[in-house]
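Look at the two complexes coming up: chain A is in both, with chain B in one and chain C in the other.
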Partner chain A sequence: MNLVQQIESEFKLYEHQAQKDDFFEYRKKAFQTFQKNGIPTIKNEEWKYTNLSKISEIGFQTSCISNLDADALVKAGILNKIESNKIVFVNGCLFPELSVWLEDEPSIICTNLAKARKEHAAIFETHFGKYLPQEEGLNAMNSALMSDGAFIYVPAGKRMKYPLMLTNITDANESNILQQPRNLIVIEKSAAATVIENYIAVGDNSSFTNVVNEIFVDENASLEHYKVQRAKGDSYHNNYTQIVQNANTNINQVTLTLDGQWVRNNLHFNMNGENCNSLLYGLYIPDGQQFVDNHSRVDHAKPNCFSDEKYKGILKDKSVAVFNGKIMVHLDAQKTNAYQRNQNILLSNDATVNTKPQLEIFADDVKCTHGATIGQLDEEPMFYLRSRGISENEARKLLLNAFADDIAEKIKIPELVQILEEEIERKL
Partner chain B sequence: MLKIENLKASIEGKSILNGINLDIKPGEVHAIMGPNGAGKSTLSAVLAGRNDYEVTEGVVDFLGKDLLDMSPEDRAREGLFLAFQYPIEIPGVSTTNFLKTAINEKRKYLGLEPMEATDFLKFMRSKMEEMEMDKSLTSRSLNEGFSGGEKKRNEVFQMAMLEPKLAILDETDSGLDIDALRLVSAGVNKLRNPDRSFLVITHYQRLLDYIVPDFVHVLYKGRIVKSGDASLAKELEVKGYDWIKQEVEAAV
Partner chain C sequence: MSEPEVDIIDQVVSQEYKYGFVTDIEMDTAPKGLNEDIVRFISAKKNEPEWMLEYRLKAFRYWLKMEEPNWQNFNYPKINYQDIIYYAAPKQKIALDSLDQVDPELLKTFEKLGISLLEQKRLTGVAVDAVFDSVSIATTFKEQLKEKGVIFCAISEAVHKHPDLVKKYLSSVVPYTDNYFAALNSAVFSDGSFVYIPKGVRCPMELSTYFRINAENTGQFERTLIIADEGSYVSYLEGCTAPMRDENQLHAAVVELIALEKAEIKYSTVQNWYPGDKEGKGGIYNFVTKRGICEGAYAKISWTQVETGSAITWKYPSCILKGDYSTGEFFSVAVTNNAQVADTGTKMIHIGKHTKSRIVSKGISAGKSHNSYRGLVKVNKKAEHARNYTQCDSMLIGDRSGAHTFPYIEVNNNTATLEHEASTSKIGEDQIFYCSQRGIGLEEAISLIVNGFCKEVLNQLPMEFAVEAQKLLAVSLEGSVG
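Then we have the complex of A and B:
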């Protein structure tokens, strides 16, 4: 059964249940969109280099079942070094034994979606499903048959004292797994939070994780958002993160893609107020036959906003990377400052990068730059270092670390920087 | 120490070194002068192991080993050091980390244990004092945002740290202010000893007032066309290169 057939048959099963969940109407509409739009193909400009056809044919199962106990899951890499609030999902289902809550402030909430819909209905209804572009086939697929996910809510004026780590573990020991996590993050006026999305995988079978994040950041609030992709093995991962920010907000977003056979990150910022500050940074280090695609879009809809985007890649072996960054400066968005760079180092002749930085400007008083580079490690610095007695290998490492540090230093959690440095060491 | 015989090198089919002969004994200071484009930097790059140049003929013996057969890093570990005419900036690589790696890679090559972190820092601090290197320079990325003169001083500081047997200084004096020139020369003189040799490339007699050479050579069109003692530099200062060029053309 291919993926489309599977979604159709699963949705039928769901529809025929006597007791449907609270999301029925939403799911049904999304399913209709999915039936209409299907899974994107390479004929779609946004998916030109990103082929889903192989994934569609693998054949997955949706299953909460995991025989792993808490210890095994912790060992799989829950980033325990970081003192943080934790919520953990395994194959899309909440794993409450691993939750950790350190905040004293009772009005800050972190729970799963199903519960949030019942217990925090007002806030939930205000935001859930309100921001996501549903016409994207994979988004509709998520909305139709989403598994569970996290609901994170920081009310006006409150700040989380600790980062919140949202870990998703794929356990593909028993079968090929399909999961569709769905997270909703609401940061109200003048509130602040740090969220780490952490993806890991165990088991030899294949998996497809199709995530949707809806993030709403209200006036004067700030958000630190990190995504760490370390799901090893034959794992396929699509992630759509929709961020809506109101006036005077600060958002720092860092996407680190280390493992995964196939990873597509879609990141969409909608700057919906003046004086917004949006930082988008990313680092990807694919090797073997890994495929990594970072698609981003920043909508400067209002005046006086600043965005800075920098994605850097180090590619080994036969890996392939795609970068597509679109900055849209709308008619109203005077005094926009927008910067975008994509820089790639190819360590092998067989590695490939397709990069497309895009700038569309409809306002006239703006400052915007964009650019992309693809190349080998420079000869000049290599020779300089070697002429001081440093081996070719060490020289390469020093230079690549320097290249990557540029992104690492955007991370404000020292333990996470340290973990990243270990990962870079491992990958290089 | 270093014996160059009939060294010829070219780049992209264009021959630049046309048969260089030079013999540097332990403890000696040799100066090389010569007009722009003569091949001075090419000679130093070929000796340091830059692979853009193709060596078409000749042999170079360094302390009994075939220099041209070694990788750039092994040449450095054997005791060769080149202070670049145009040191490059390497953003993101800290000077401290770079020097520690360089010293420990050399120690490893020589079969020694790596230097303890505290010993290294002590050593570095003493060399910084000696070379009057400001702490704000070494705490930055390698040469990043350094002024021209600061880069040159950083080269000499690195030389002091790495304690080479043969140091090639490619126009280290160009771009230095008077105080820095004195400092750099003093640094070099401090390192002079019966086992250490220098090859000093310069356009100016002034440097050779501070670092008095045992021999002065004139490089022209990829050949050493004249050699003498320190007085040759003084003569060039007064007369320029024309008379030498004429001598060369006349001999052809």
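Then we have the complex of A and C:
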């Protein structure tokens, strides 16, 4: 059964259930969109270099069941080193035993979607499903059959003391797993939060994770958002993060793709007010046959906003990386400053990079630049180091670390930087 | 925006197209519409051999099966291909020995265009192959070129006189299966230029064609084929104008360049087709396929274009760098005003080892116009040590214009080094201030700034063209401030 057929049959099952959940209408509409648009193919310009057809044929199962106990999960890499609030999902379902809550402020909420829908209906209804572009086939697929996810709410003027670690574990020990987590993050006026999304996988079977994040950041608020992809093995991952920001907001977003057989990150910023700052950074280090695709879109809809984007990649073996950055400066979004860079180092002759930095500008008083480079390690610094008695291997490591440092320094959590450095060490 | 600036923009916007006159010459035209009979009609008019007709018919049948592309960044009303006249020739014998025999009315047209054949011949030493609607009128300097062994003639003539060369190279770079408009061109192309530079010859003068669409409801489908044999060099210039008409006219040309070992081709275009009126009514659709191949080692192809006219410019002059150590270059200035659209750029396909390419693109958009750079740099697996440098800068004038960049970079080899840079900004207020402070008027200041912005590209043009291009830029943009 291919993916489309599976989604169709699963939805039918859901539709015939006696007890439907509160999302029925929403799911049904999304399912119709999915039926109409299907799974994107390479004929779709946004998916030109990213082929889903192989994944579609694998055949997955949706299953909450996991025989793993808490200890095993912790071992799998739940990032305990970072002192943080924790919420953990396994195969798309909440795993309450591992939740940690350190905040004293009672008005800050972190729970799962199903509960939020009941207990915080007003906030939930205002934001849920309001920002996501549903026409994208995989988004519609998520909306139709989303499993569960986190609901994070920081009320006006409040500030989270600790980062929130949102861990998603795929347990593919028993079978091929399909999971569709759905997260909603609402940061109200003048509030602040740090969220780390952490993806890991265990087991030898294949898995497909199709995540949707909706993030709303109201006036004068700020958000630090990290996404750490460390799912080993035959794991496929698609992520769509839609961020809507109102005036005077600061967002720092870092995407680290350290593992995963097939990873596609879609990041969409919508600047809905003046004086917004959006910073998007990313690092990817694929090896073997791994495939990484970073798609981003920054919509400068209002004047006086600033965005800075920098994605860096180190490619080994037969890996393939795609970068597609789009900056849209809308009519009347004057005094926009937008920067975009993509830099790649190819370490092997079999690696491939396809990059497409795009600018679409409809206002005249703007400063926008973009750049892309693809190359190898510079010979001169290499020679410098070698002539000082540093072995070739050491020298290469030093230079690559320096290359990656550009992104590492954007991370404001020291433990996370340390984890990143260890991963780089391991990979290179 | 302050008052005087608005006035100036209005002035510019209302500037009339000065090449918009119609020449009253009796035309020999084919009936409207497109079918196999028309293709046969064109072929018969040209007295073409059987293989040429076969080729046209094959292309036509293929075209019927194709769909018009729709991935571009603009919309245009659907073209009714049955409402176009595919062949229009001035009604007179064209086998002329000297310029004196050319219809004086025609010569006057060229004079108005500022390319008087006589004058050109005397003063500039440029050999001109003028294409009026679809047929080559007179070709100057033929004799002098002949001495060197250079063949420069109309392609319809080449089909008869040099069938081997035409057979071998026509369609070898742009096959009729390539795209919708190339297929259409292959089926109905009426004329164009043919150039062959023999081994080791450096063409003694710059070759030039001037295109003009005169008749109503006609499309222009010219075909250019340039072959530079081993170690030769040629510089080719192309310029275009058309009269003002309310309806849109289609121009779907195909240009093929072939550079063999150590040969160099420099191809320059100054395109000034009628851009349509203020509201975007009328104007030329300039949908052109241009591609060159560096067949041998150390070959070089260089495209330079200044695009100021056309309602829509949609073309990507490209280089296939097949020979080792070959070089491809693309220098472009695209200026759009009012409702004009330019979607242009290049493709650099690196196949050979140590191939190099350089792209410099400058876009200037004013009024409500949109200017896009769309380009591909592709490094194949075996293209060791390929090198590319791309720079595309956009300048915006007025807050209703748009500038877009769509670069595609595909690299399959780790020894490749690629750089891409792009920037978008408006005309600097401080630069204008600096000029006005020194008593330089607003209009002049803008002309200075824009010319400075484009200098890198304009420098690539041969002298005569550079002067014309600078004038064109000034005409299209004087006084517009963002």
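As a convention for this text, the second predicted complex is superposed on the first by the 428 of 428 C-alpha atoms of A that agree within 3 Å, B and C clash if a C-alpha of one lies under 4 Å from a C-alpha of the other, contacts with A are read in each partner's own complex, and residues count from 1 in each chain.
Rule of thumb we're sticking to: a contact is a pair of C-beta atoms (placed from the backbone, for glycine too) under 8 Å apart; a residue touches a chain by one contact, two chains touch by 3 or more.
Because the structure is predicted, anything quoted here is derived from the model rather than measured.
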Broader residue contact with chain A after superposition on the shared chain, chain B or chain C: C
Chain B versus chain C as contact partner of A:T126, first or second or both or neither: neither
Which of chain B and chain C A:S107 touches, first, second, both or neither: neither
First (chain B), second (chain C), both or neither touched by A:Q5: neither
Touching partner for A:A402 - first (chain B), second (chain C), both, neither: first
First, second, both or neither for A:T352, with chain B first and chain C second: second
Partner chain in contact with A:F383 - chain B first, chain C second, else both or neither: first
Touching partner for A:A372 - first (chain B), second (chain C), both, neither: second
Chain B versus chain C as contact partner of A:E394, first or second or both or neither: first
Contacting residues of chain A [partner chain C, same complex]: 45, 49, 331-332, 334, 344, 346-349, 351-376
Touch list for chain C against partner chain A, complex: 71, 381, 394, 396-426, 482
Residues of chain B touching chain A in the complex: 48-50, 52, 71-73, 75-77, 81-82, 84, 87-88, 90-93, 97-98, 101-103, 105-106, 109, 141, 158, 162
Contacting residues of chain A [partner chain B, same complex]: 379-381, 383-392, 394, 398-399, 401-403, 405-406
